[in-house]
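The following pair of complexes shares a single chain, chain A, combined with chain B in the former and chain C in the latter.
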Partner chain A sequence: MTVLLGDPVLEELRQILGTDHVLTGKADRLNRARVPAPFPVHRWAERMPDLVVLPASTEEVAEVLRLANSLRIPVVPRDGGTGLTDGAVPLRGGIVVDVKRINQIKEIDLDNRTCTAGTGINALKLNEVLARHGLIYPDDPASYPCSLVGGRIGTSGWSLIGSRYGHTRDLVLSFDHVLPTGRVIHVGDGIGRKITKSSSGYQLKHLFMGHQGTLGIATEATLKLFPKPEAEFSPFWAFEDYDTAYRAVGALARAGVATFAGAVLFDEWKVDYLRRDDEAYIPQPSSVKALVCAALYGYEDEVRAGGRRLLRIARSLGARYLGDEISEGDWAARHDRYATPLHGRTRSGQVVPMSWHCEDASINYTNLPAVRLAWHEIADRLRRESDVFDDWGMFAYTNGATGADYLTEIDIGIWEQRLDDAAWAAWVRAKRDLAAVALAHGGSISACHGSCREGEVDLVPAELGGGYDVMLDIKRAIDPNNIMNPGKYLLDQAYAEKS
Partner chain B sequence: MKYRYQEEMSPPPVQRVTDVAITRFEHVFEVEPGLMTEHVTQQTFPNWDTLRLVRSRADHLAWMHRHFADKVISGEELLDDLDE
Partner chain C sequence: MPDPEKRFAEEWRNAAYNCFSSGHKFCREVCPVMQVTRNESWSPTAFHANVVAMEKGELEVADVAADYVNCTGCGACELRCPNSLFTGDFYRFRTRTVDLVKAVRGLAVSQGVHQPGWQRWNLLTDERRHEPVLNGTPIEQERVRDWADGLDLPIGGETILFVDCEAAFYRTSVPRAVARILNLAGYKFGLMNEQWCCGGPAAEMGYEEQARRFAQHNLDDWRAAGVRRVLVLDPHDYITFTEDYPKYFGDAYDIEIVLVVELLAELIREGRLTPHVPVERTVTYHDPCRLSKRKGVWREPREILRAIPGVTFHDVDRVTQWSYCSGGGGGLPVEKPELTAKISEHRVGKAAELGVDTLVSACPWSERPLSEAGKARSIDVVDLHELLAESLGVAP
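Coming up: the complex of A and B.
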């Protein structure tokens, strides 16, 4: 699709949304062509949308989708644009629906402890309002200051403090959803807006979360609220080897402390990376080889009691507490990883501008050590091939309160300005290999980001098995003309017979 | 309040911390300048601006704590409890 001034589509969209809310400028489109996921900068033009629309309501989104569906125009929803799997990146041009104007708080229900808001709202801004009522919406990604509720729904996001409060799938009770045909439905547990548990009918809420924009657009959501925590405790500990740190993080996660909101394991490569540039770790003695942190939230008496228990466990396993300053500073920074200016190193040690690329998987506790070694081999291969890549080490974050599995991530710096076809092909191959390791160890390709990018997506049918065939059937039934985010998740296959 | 250009453009002497990091102001670390000569070169900052950046980061982190909880519990205090 190529939209030119005077095009009837453009005029019709202006009728629906007003002239100011239909953008065709190059800068408007360039800025909505990418996300922080690895991006082939040298092929930026291939990801450009033809135009951008800024609807202000569910009805306007529905009208845009009705028009696009009737004319078979691709549509890509975009919220904060902070996703790490290209969900908001157009692959076939078309219309980007930017939902940032749908950001009003419609209701705060203090008795039922819920809030209803447009999905264009950001959790940080929402929580500034909720704090006046002593409440919090505890969905806490690394992109907390800049991601939006709608993107969290579209990606079924993961929260840093999800072991205490749940992740996006648990915190979003229900939402209005515009189907690709323009029909508006409400999905939740049952039909209720504020119901936390229903056994009525199919559980559609989960179907319409994490689809990466391939099944429509969420426009208004009702969210679960909690009392704003009275106290926070976020101890960081140093270890002299990875194995001891690994045992410690497992013991902390399995301790059953009610206020436990999460624990994180940093491996040797991560510590080496932090020693280059992070003020907390540059001065640490060379004996520090791995780190663990934990976070607790709740009432002060509960947090103190739980904190003492975790400190006892950590001490019994040889941990050295890093002190209040490092613990508090580093934990606060985890809510806001997107603000960090980044640079990497060439193999000769020279500083180069690099962007942060975090590749994730869901891995059971017992498989973390093996996955770590296999993933670093892949990163080492990239590093040997080119100065475009730098291994920034691994984290493992608890997915839940029982310590069964972890969001396992390897951070790789990429010198995007130097990407060319050969380097991009090496990256895609590495991405596929990282996903294969996760599956070979009984894990899932992604705990948080999704898995629809080049490389990893090739293995999604293998991961889901017969479930992938059902996914194709669902896509074809809900989006008969394949207008929603076409090209993602290999879903074009759903239309192969039809075409 | 005074501002003397020469003073502001003369940072304290360098102290080496590691092979890849130096420090000029207490608790403020910088990349070893020799590593920023080919692809990314160092900018010249007046002293006040260097310290402003560091303090702003600290302000931001303190704000983030207040945003998520009313109070931060001290681990050092809890460890003292365990020792008693």
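Coming up: the complex of A and C.
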């Protein structure tokens, strides 16, 4: 789709939004083509939108979409722009609808324990306000200080403490959603804004979450609130081999402790990487090959009791507790600070500037060891292909309270200044291979990021099977002119079939 | 792309990639401008990303100069940057976004790209030797010490008190309070022979040649009078004298810079000052950005406040205050007074939530916009030095 944005369109957008909120400068556009996921810098301009709009209300978003739909102009919604699957990146130019200005808190309902806010709001800022009422909105991604509620809806985000409080899909009760045609609907469980369970009609809430902006734009959401936890306990344990650590994390997750909010398994590659290059890591003796940590939140009395139980379980399985100080410090570094180093190493050991990038999948507990080995083989191949890449090891995080499956993550250091076309091709190949391994082990391509990037997206039809055909039908029905985030999730096929 | 721009991009490229490649944007929600505009083009991340785009030939400084107006130089982004937080403890590394913004502004001016308000402001400053802080009323050099009328302060001496343009010509009650307190404590100091603007604001707006000329004048004046020590009450001056001047003059710069708020806390600690007149106010304290976020000075102002009898003090910790700002810094009120006003309203709103009647600051440049915003909420904005003077029973 080629778009020519002549003056009449600009003029109309300015009428809708006010002149200050229609941006056409090159820097404005370049900065809306950028997300944390790696992409060759020399190709940056390929992803520029033609213009950017900053609406302040649902009505303004609806008017923009009505106009775009009538003129067949691509629209890409952008909120925090912190996603790792390029949902907010325009592939065909067009209009970026940046919803950050829609960030007002409309209501805090203390009796029903809900809050309604614009989707441009950040959870940390929201929690600063909720704290005055002793409440918390516990959606806790790694990007907690900067991701925004709308992006969490559009990607159906994953929360680090989701085993205790649920993930975005559980925490967002309902929202106003602008369809590609500009029509505004409200989706939730049933029609209620604050209903947490309904069996009336189709369950549309899930459909309009995690679509990566291909089905419209959420503008105002009603969220579920919890009492702000009084206590946190975040024990770290050391192990002399991966297998013991793996058995321990499984036992901790299956223990059924109510305050259990999540556990993380660090594999040998991760510990090795932390030891060589992570400045915040508190050095452990070389006998330590794997780590496990857990996090518990709640009232002090219940966290103490639950914590004692987990300590007992871990000890019985050969874990060595690292003590309160290291546990608190390391959890603060990894969780609160979101520690990220600025360098990695080439194969010869040369330190070079690198940034952290992670690829994720959802894997059942029983398949974690096998996936880990297959993924490190892929990372090793990447390293042999180019010194742009470094293997920074793997984490596995519990997805839920019963320990069935884990967000499995491999972290790759990338020397972004040297990411040329050849290295990029190797990276895309590797991503596809990582996804294939996840599927071969009965997993899902992503627990957290989504799967619409180059590479892994090729395998989405295989993952979803007949469900993918339904996706195509839905896309065509809801977005007849393919204006919403065209090019994502291979959904152009929906229109090819039609013709 | 012109050569100076190429050189600039080469110089700043690696620092910019540290931000660009990680792209975590933790800075965004603490940035005072971003909080009130929600425009990602004016975020610290964008300021770094633009450098990468310049290096790749996608942008020139003329394309982005106006975007770089939107920064108060508060430094919150640097503290909140995961790269600072992570490696800062171990290597004292700090992401340098404020310096980058200054450098881009300087590059713009050197390439003939001016912001009209800043150009006018610096022209007037150059003509009158002081910033035009009196809303159109011309500043006169011979009135730079008028604030001290009747105080019988000597000129010169080993220790002098340097008073910034805003306090010397507009908020004159602040330097008067400082002078009277120091006199009460028996602390000897004089005034400068021919004080000019410190040059810091010119440097912040990109007029570096002018900034250096002003700095040279002040240093020459100090040297001629045998000054060894300069007392500063304004956090902006404190940055200029401890960061810009050493950069301009290198090892030859041997003047001791003393921050008045630290000196006063010390005098109270030593028993040379004892606040005793009760001040019946319910207050919160505004951490001036250049003291807390840029210089790590946050204990002493609280120490002083807690020493004043009668005051009910609702403190907000300094980390929470990383995201607060008056909007009065970095030349923002000159180019975009409407943004300064919004940022001040936001800050005063936070104070109002605490149910206080007074917001205490320790930065003259913050006090004009905060006072404006305070009117709407019936919150007094009072300078810490003045509050202390009141409790010491010294006349205004």
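Just so it is clear, the second predicted complex is superposed on the first by the 477 of 499 C-alpha atoms of A that agree within 3 Å, B and C clash if a C-alpha of one lies under 4 Å from a C-alpha of the other, contacts with A are read in each partner's own complex, and residues count from 1 in each chain.
By definition in this document, a residue touches a chain if its C-beta (ideal position, glycine included) is under 8 Å from a C-beta of that chain, and two chains touch if they have at least 3 such contacts.
No experiment lies behind these values; they were computed from the predicted model shown.
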Where does A:327 make contact in the superposed view: on chain B (first), on chain C (second), on both, or on neither?
first
When the two structures are overlaid on chain A, which partner does A:275 contact: first (chain B), second (chain C), both, or neither?
first
Of the partners chain B and chain C, which touch A:400 in the superposed model: first, second, both, neither?
neither
State whether A:308 touches chain B only (first), chain C only (second), both chains, or neither.
first
Could you tell me if A:31 is touching chain B, chain C, both of them or neither one (first, second, both, neither)?
second
Partner chain in contact with A:127 - chain B first, chain C second, else both or neither:
first
Let me test your reading of the model: by the given contact rule, A:229 touches which partner, first (chain B), second (chain C), both or neither?
first
What is the contact status of A:351 with respect to chain B (first) and chain C (second): first, second, both, or neither?
first
Taking the superposition on A as described, I'd like to know which of chain B and chain C A:480 touches: first, second, both or neither.
neither
Which chain A residues contact chain B in one complex and chain C in the other?
124, 128, 279, 333, 353
Within the complex, chain A is touched by chain B residues 17-18, 20-21, 27-29, 31, 35-40, 58, 60-62, 64-65, 67-76, 78-79, 81-82
How about chain A: which of its residues touch chain C in the complex?
23, 25-28, 30-32, 34-36, 38, 41-42, 44-45, 54, 80-82, 98, 100-101, 103, 120, 122, 124-125, 128, 132, 143, 145-146, 279-280, 333, 337-342, 353-356, 414, 416-417
If you look only at chain C, which of its residues touch chain A in the complex?
13-14, 17-18, 20-29, 38-41, 43, 45-46, 49-50, 52-53, 56, 58-59, 63-64, 67, 80, 82-83, 85-87, 89-91, 320, 353
What residues on chain A touch chain B, complex-wise?
124, 127-128, 131, 136, 140, 228-235, 275-277, 279, 282-283, 296-297, 300, 303-304, 307-308, 311-312, 315, 321, 323-324, 327-329, 332-333, 335-336, 343, 345-346, 349-353
